[in-house]
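One chain, chain A, links the two complexes that follow: it is found with chain B in the first and with chain C in the second.
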Partner chain A sequence: MAAFIIRRLIISLIVIFVGVSLTFFLVHLIPGDPTGIFINPALPESVRQGLVERYGLSQPVALQYLKWLYNAVRLDFGYSFIYPEKTLSLIGDALVPTLALTLSSLFIGVLGGCFIGIASAMKKGTLFDRICSTAVMFFYSVPSFWLGLVLLLLLSYWLGIFPSSQIRSIHHEHLSFVGKVFDYIIHLLLPVTTLSLTLMASFAKYTRESMINALSSSYTIGAISRGIDKRKIIFKYCFKNSLIPVINLIGTAVPFIIGGAITVEVVFSLPGMGRLIVSSILSRDYPVVMGIATLMFFFVVFFNMLVDIISHIIDPRVQLQ
Partner chain B sequence: MRRKRIIIPILAIFLLYSCTKKKGQEESGRLKKFTFETGGTLVIGIQSDPDDLNPLTALSQTARDIISLIFERLADINSDLLTFSPRLARSWEFSHDSLSIVFHLRTDVYWHDGVKFTSQDVVFTHSLQTNPETGWDGITFKDHIIEVTAPDDSTVIYRFDQRYPYMLMDAVEGYIVPEHILKDIPPARIHSSNFGRSPVGTGPFIFKDWVFQQNITLEKNPNYHDKGKPYLNKVIFKILPDELTIFNELINREIDLAYRISPHYFIKVEKLWEKKKTHAHPYRLPGRAYDFIGWNLFEPRSYFEIIGSKEGEKDTSAIRKLVPHRLFSSQKVRAALTMAINRDELRQVVLEGLAIPLDGPIPPILWAYNDTILYRWDYNPSLAKKFLREEGWRDEDGDGILEKDSIEFCFEMYTNAGNSRRERAIVIVQDQLKKIGVKVIPKIVEPAFLFGYILPERQYDAALIGWNVGLKVYLTPLFHSKTFFLPFHFTGYLSPKYDRLEDMALSAKTFEQAKKYWNEIAKMLSYELPYTWLYYEYFCVAVDSRFKGTVFDVRGPFVNVESWWIPAEEKLQRDRL
Partner chain C sequence: MKIRKIDNLRFGLAVLVLIVVFAFVLPVFYRVSPYEQDLSNPLSAPSIDHPMGTDMYGRDLMARIMKGTANTLMVSFLASLVSLIIGIIAGVISGFSRGIISELVMRLADVLLGFPKLVMILLISGILSRDIFVSFFLLACLSWMETARIIRGEIKVIKESLLYKSLVAAGLSFPKVLLGYIFPLLRGKFLVSFTLSFASFILIEISLSFLGLGYASPEPSLGTLLRQARYDPAGSYWIVIFTGLIIIILVSAVNFIADGIKDSLEENVSR
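Let's look at the complex of A and B:
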């Protein structure tokens, strides 16, 4: 196990290095520069040139890359081109809402998806299964931004039950501790529902298929014929075996969750990484784009490694190679 | 039975919801007498964070809006955009030789941290503003100021190298910053200093906090020099990137003020206001922005080969080697294209009528505007066709596209992505020009690519974009030959007559003298058409009707926020927190 983890760590570092290096050159090789967004004809050329010098953009891209790499290794991602703030501080501010959104959506999505998948598989062919399968197909197919807009329109704009934007109300500081927690929950409810419904559909679909295979397998039939308790068969044998593809799905789903979070954050005006990356790309805020890209690479690679280890723990037959 | 059980609660919820709404609307009464009371919160919806809150380094318009509530100038411009009212300066007078302005400062002004404001702050601010290392974008305003001195704590003297109409405007341009906070920071480091995230000014509102991507909170300055003001306790800028969210929060009273509302949503607000279904009072103001089509007067390839490849050869000899554009180097062609575009239809479709026609380079809000002298190229496709025929353009192969010397009348027109107004406009222009046999290929690209590469490198044929108008009449970056190689002079317009007229306009001693030259310039450009001016937009604002004392004019929505108040009868629960 230790050898595997060390090997995977080395591979992960290489993947992250190659990924961020490619991202750096791609971002810098697109024509245009951050000074172009301040489209004011009255802006004196000296100021524009000053901005180019300040951002270090007059240097060759290779030199900019080496400087960036040297600083990044020391976890110094520099200052944002746009805001008077360190990149890491901006990312830190944006990371909390994104983690709250993605982790809670992942938790609810996986748990709910597995539950629906198991129930559906066990009642295969019944009305319940058909309703579940239709709902799963619906939420699996609809884009999260559309779902978010519908929920926003219905529950926020028309019925006024939920707030339509932000992660907390503007008078958050006047609330008690319990009030503050409730304030966060009520603001996160719609975005989490949006993201978790899509995730839930994916996991329900995979769990159902996996469970149906497990339920019709020879070891299940054998267990039933030996008169073993049905619950034990389902949860100890079938579910455990059908869990491995589901766990692998979590690993591959991470990039999609991040992608979904970007859309959901924009729809619900959440102050997270999604909004930050969109605005940084549009304004060519290279330090922030690179900081976020590094973090995203790290997340995806780390999650996939974690999934491999969990798969091995659940089923030691899964080889850690 | 089961169905009934479901339907009844749903109906009940809807009935309850509709009753609650009506009650809220009836309470709004717009003709009541109100009881004056201080306090309350103004929540303003904005689409993005400001880049910076340091007046010396901020570049975005959002930042300027917020800064205007925290900092002050020596004097504020009036709605005529020509005269000024006192602010940090009590009064001012010109010296006998008219080359100096003496400002007498208020003596009852304190910075938000309690330190007294003095003339040394003004002198210090000027030194930073004119230091290129600071990177202040208004540095050109100070070009003619040779010295700023402070003979005592409440007097400042600005000395100029010449007499000209904009002396007062140039002197008071820029917000005054505190010397005691910034004096130890090197000018080159000011942009990354903490001052940009926690500014200290003298204005009516004190900066409290900035929660990135969420909101920026300002609080009442209890020591503000205009005693008793501001009447509101708090101003919160709520960052909502989506326009639909801003619209809905405005209608639901979650925000109180929205500005730069797009026509689509503004028309909706107006309709709701007319039907008394919203508290958001819409205002149409003369705006500060216009859209145009810029025609590249030189072949893109020739610019790249001659100028782009040879550093240091950016002089007149290089200009002579440029090849005139195959289509747009002819004034007659540009006039034909202008006449082929139905700008009235464009205004109606793209801006739902929330714009006025524009035919020349000077917009109606500026003192130099004179629409009687402009050449007008009204919509006239048959005359446009005639002009093009006279220039030798004919559809010889019957494919609907004009040709001349085996060259098709076909070109690319760029605009920036993310601006739905321009994206729609470019398609309509494409359709209109097709009717006279001109083929347009729309190119919608991201703004940093367009403004950072395509236009500065002149790699385009035509571009449909827009400018915001400054308070000064100043066209040098767009058309004067001395800015030919700079990014904003992307049409390549060259005219010695124009250069002479603008030089004279800018050095005229009075506005009357200058106006004569600006008239000539406007007439000349409206004939020569380096741009086809499309429309001049309205600035659309909506504010919750519980706010009284509001003034909105050409200067924008933040002219007198310190004088806004909410009657006791109309305060919401959040106004009392």
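Let's look at the complex of A and C:
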């Protein structure tokens, strides 16, 4: 077990290192420097030169890389080119709405998806299963931001029940504590619904498939013939076995959740990571781009590792290849 | 049971053909330019002149959706083709070679699989290249790993089979064995990989264009159309509805095809 985790840890660190280094060179080797994008062209050339010097953009890329790496190890990602703020505090501010959105959607999506998947696998072929499968196919095939646009249109523009954008109201500061919490919830309700519907669909799809496989396997038939209680078979044997693909799916879903969160955030104008990523890439805000890329690598690699370890615990036959 | 499974595949294929006709053939008969602006008539709801309404510049939405569907289909089709070809090559190389080359290819796949695809997608299309065909080609170069793993696994099995051994013993050349005997066996796997990545590339294109990192104006795609509607969904709900309908029909058709092929492959195995 310990050996398994250590090997997994070493591979993860290699992936992060290679990925982050590749990203750095990808970003910095592109011809032209970012000052051309964000500086006012009316300013004299000497100002631009000064900025290039100050940010160290005229140094050889390899040297910039070593410097960046040295600082990054100490969790110092420097200052943004655009905003008068440290990269880390920019990312920290943007992370809060994004985490609130993704974690609650993941929670609802996994629970709801597993429930629907198991229920329709057990009632395979019935009307209930057909209705569920059709709905699942629908939400599985729809980009989450389109769903968001439709919900926005229905519930906030036409019916006026929910606010259409931002994470809190203008009068947020004047609310009581309970009022503030309620204010956040009502602003997050539509985005979370949007993202969790999409997630629920893919989890329901995979759970149904792997549950059907488990239900028709020889060990289930054996257990039924030995007269073991059906509930026990379903929840103790089948569900546990069909859990491994589902857990793997959580691992692979994490990058997609972040991706879905980006477009959903844009639809609902949430001040989260999505907006920061897109705007920093478009304005070539290198320190922020690199900070986000590093964070993402950590996030995805960490989740993949967690998934591998959990599936190893559930089923010790799962080995590192 | 069996009839319903084939129905999945046929249904998906039929719908996909209809969409291809809508995107590539219908514009020949529907002679309205998707680029021509009519600023006296912006954001008008569906009418006889404009069956699907107009966008914020008064351009005919139906013509733009046709052209947009064609653009989305084209770039996703090419990208999934490229990723399939690279996947097959990598799978064959690592399946047949022993030792270091095989290891190298698979370790590279491991590292690339650990990458946050989304960050790569945004970086490539946001910084590296603003040409959507170039950035989707690069994306395809980063999405061959699943296919390669599947092909490699299959080839490892085939290599041990009596069929392969007897073909080699009969003195057939390697390309002949590969193209004449192994690839036909793997055709189903190729098709599943291709359809699955087709569906995901369609969604990637739509999301990227929605974020403003895909097709550049005035070229429409299913994503850029929705991007326009985002500023004022209530004032342009027909854009949201019509574009969304096409997206749902298109992606679910491709997903139905993938499910159908998978089911029929499983049936072949169990038989």
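Remarks
Note that the second predicted complex is superposed on the first by the 314 of 321 C-alpha atoms of A that agree within 3 Å, B and C clash if a C-alpha of one lies under 4 Å from a C-alpha of the other, contacts with A are read in each partner's own complex, and residues count from 1 in each chain.
As a convention for this text, a contact is a pair of C-beta atoms (placed from the backbone, for glycine too) under 8 Å apart; a residue touches a chain by one contact, two chains touch by 3 or more.
None of these values were measured; they are calculated from a predicted model.
In the superposition on chain A, contact is made by A:V289 with chain C only, not with chain B.
After overlaying the two complexes on the shared chain, residue contacts for A:V150 are found with chain C alone; chain B is out of touch. In the superposition on chain A, A:G179 makes contact with neither chain B nor chain C. Of the two partner chains placed around the shared chain by superposition, chain B is the only one that A:G50 touches, whereas chain C remains out of contact. Looking at the shared chain after the overlay, A:T23 reaches chain C, while chain B stays out of its contact range. When both complexes are overlaid on chain A, the residue A:R275 reaches chain B alone and has no touch with chain C.
Legend: residue contacts after superposition of the two complexes on their common chain; A:P84 is shown touching chain B, with no touch to chain C. In the superposition on chain A, A:T263 makes contact with chain C only, not with chain B. Residues 30, 152, 157-158, 266-267, 282, 284 of chain A touch chain B in one complex and chain C in the other. Interface residues of chain A facing chain B in the complex, by the touch rule stated above, are 30-48, 50-51, 54, 79, 82-85, 90, 93-94, 152, 156-160, 163-168, 170-171, 174, 266-267, 269, 271-272, 275-276, 279, 282-284.
The residues of chain C lying in touch with chain A in their complex are 110-111, 114-119, 121-123, 126-128, 199, 203, 206-207, 210-213, 226, 229-230, 233-234, 237, 240, 243-244, 247-248, 251-252, 255-256. Chain A contributes residues 11-12, 14-15, 18-19, 23, 26-27, 30, 137-138, 140-143, 145-146, 149-150, 152-153, 157-158, 255-256, 258-259, 262-263, 266-267, 277-278, 281-282, 284, 289, 292-293, 296-297, 299-301, 304 to its touches with chain C in the complex. Within the complex, the chain B residues that touch chain A are 13, 17, 41, 43, 48-49, 51-52, 54, 57, 59-60, 132-133, 135-137, 139-140, 188, 191-197, 211-215, 217, 236, 238-242, 245, 248-249, 252, 254, 418, 446-454, 456, 467-468, 470, 474, 477-478, 486-488, 574, 577.
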